[in-house]
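Next, two complexes with chain A in common: one pairs it with chain B, the other with chain C.
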Partner chain A sequence: MTDAFETAKQLRPGLWETVNERYPGSMITKVDLVPLAPLRKPLSQTRLTFVSSAGVQPRDSLPFDVVHPVGDFTFRRVPSSSTPADLEIHQIKYPTAGAARDLNVIFPVDRLSELAEDGTIGGLTPNFFSFIGYTIDPAGFERTLAEALADAVAAEGAEAVLLCPA
Partner chain B sequence: MQRAIERRGIPTVSVTVARDVTERAKPPRALFVPFMMGHHFGVPFHRALQRRVLTAALERLELAERSGEIATLPVTWAEARRQGDAIERELGLKR
Partner chain C sequence: MSIDYLRTAVAENDSATLIRYVRLHLGDGNEAAGRKEIDKAWVEALKLLLDMPSTDRTFVLETLSSRDAATLAHLFFHLHFYLVTRSGEWIHDGRL
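The block that comes next holds the complex of A and B.
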């Protein structure tokens, strides 16, 4: 097996089918494309926010409902000034072996702060956003949580968004 | 989620470890990394790799030309783990 082949291949193939078999109807398929919104300034002047579905939350915030059968359609704000010690993971749908030792592998709060400090990006919004991605009602998820979170991201003054679907 | 944000006029990019899921969900911009689920930015304590994934993803905000494009970072999970192990030995976290 060559490295080039390994590069192109996802580590766990057929994930969409596997998950949709376990949780029928849970996986999204779209046929249309959303027009690209332009980046209005260079990255070095752009205020970034981070949106994560990894269930990372401040230690003193209401824990996500990780056993809700339909899905927890709430989100948490995570101060961008947080350190990994301020945060913990409430989600059971992905391996956290790496994150348990260095949260930056799934929620790179330290690296994002460094990018802001060294001027690679123009800055960070005061808060990042966090939810848990599991749901067996993707249409309901889109109507409620996705719209509410998108509104919150816009209100936060984000000029670009990095997302990490866990 | 990503599509809802982009529709508000804010450019977005995601980092994915599941190319097949991303191909179906059709977010506006994405960077695929062939890493383990839950390890989108690499391995513990490998700051250079974590930063590389981040900057490669953010570059898509400037470089992507068509909605739905999925770029690939030329890395492997095996190599990331080898490098991570070496870093942990240097840091005295692993023998």
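The block that comes next holds the complex of A and C.
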């Protein structure tokens, strides 16, 4: 184990056991931990990307597969220059009424653009990223979607990532 | 439930566990709601056929014979949600 592993703490270490008690076979036995990477320079000089499990995607792109019993291991690139009107949500596992009124509550594309424009953050990557988090196969999810997404984020030139679960 | 849990259920021919998962999936975590949703889809399918409207049975048979079983199973889940949507009673939070 690394020093970082030993000094880091899981935020809610008992969570998965609780879930498993309520839903037998719920699986999620997360014993390892990937420590958060420290920010290496001021946020005002850092190019940020945004990764969301909210199922937000450009209008008319292939809808996320919300009917599949295992899940959908694909992600969508969402141009950071998008406006809420350019985007839509395909997701049935969380309430989207608020997001339908203002997408920024779940996918803050306007707010991040404002923060970039006023210099609070150094800039935005050309694309943000979105997927749907529902799955009963977290190992497969990690092997496929998470790996592909990490590669895509790195290729985008992101220096920091804002992760936002739906 | 996990994929491993369901694979074990398949290996042990444990249909009760498998259908429980289907109900949980279709009922957004509520088994009773999922059971109702399954019934709702079948009722809607039946209602559509009671008057014996013309249907494209050639398309149906060609699809069944030309597509792999996994694609057809996937289609089955899509059809469930299609029929549930047609029923006009939508219990889910978001949209397809």
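Here is the rule we go by: the second predicted complex is superposed on the first by the 135 of 166 C-alpha atoms of A that agree within 3 Å, B and C clash if a C-alpha of one lies under 4 Å from a C-alpha of the other, contacts with A are read in each partner's own complex, and residues count from 1 in each chain.
The working rule: a residue touches a chain if its C-beta (ideal position, glycine included) is under 8 Å from a C-beta of that chain, and two chains touch if they have at least 3 such contacts.
Computed from a prediction, not measured in an experiment: that's the story for all the values here.
Judged by the touch definition given at the top, the superposed model places A:L163 against chain B, while chain C stays out of reach. Between chain B and chain C, more residues of chain A are touched by B. Once the two complexes are laid over each other on the shared chain, residue contacts for A:G55 go to chain C alone; chain B is not touched. When the two structures are aligned on the shared chain, A:Y94 is found in touch with chain B and with chain C.
In the superposed model, A:V78 lies in contact with neither chain B nor chain C. By the touch criterion defined above, A:V109 reaches neither chain B nor chain C. Once the two complexes are overlaid on the shared chain, A:L124 sits clear of chain B and of chain C alike.
Using the contact criterion defined above for the overlaid structures, shared-chain residue A:D137 touches chain C, although it does not reach chain B.
On chain A, the surface touched by chain B in one complex and the surface touched by chain C in the other have residues 27-28, 94-97 in common. Of all residues in chain B, only 1-22, 24-29, 32, 34-45, 47, 50-51, 54-55, 57-58, 61-62, 64, 66-68, 72-79 touch chain A in the complex they form.
Interface residues of chain A facing chain C in the complex, by the touch rule stated above, are 23-28, 55, 63, 66-70, 89-97, 136-140.
For chain C in complex with chain A, the residues that touch the partner chain are 1-6, 17, 21-22, 25, 28, 74, 77-78, 80-81, 92-96.
Those residues of chain A that touch chain B in the shared complex are 3, 6-17, 19, 27-39, 42-43, 46, 48, 51, 53-54, 94-99, 101-102, 104-106, 108, 110-112, 114-115, 120-121, 142, 145-147, 149-151, 153-154, 158-166.
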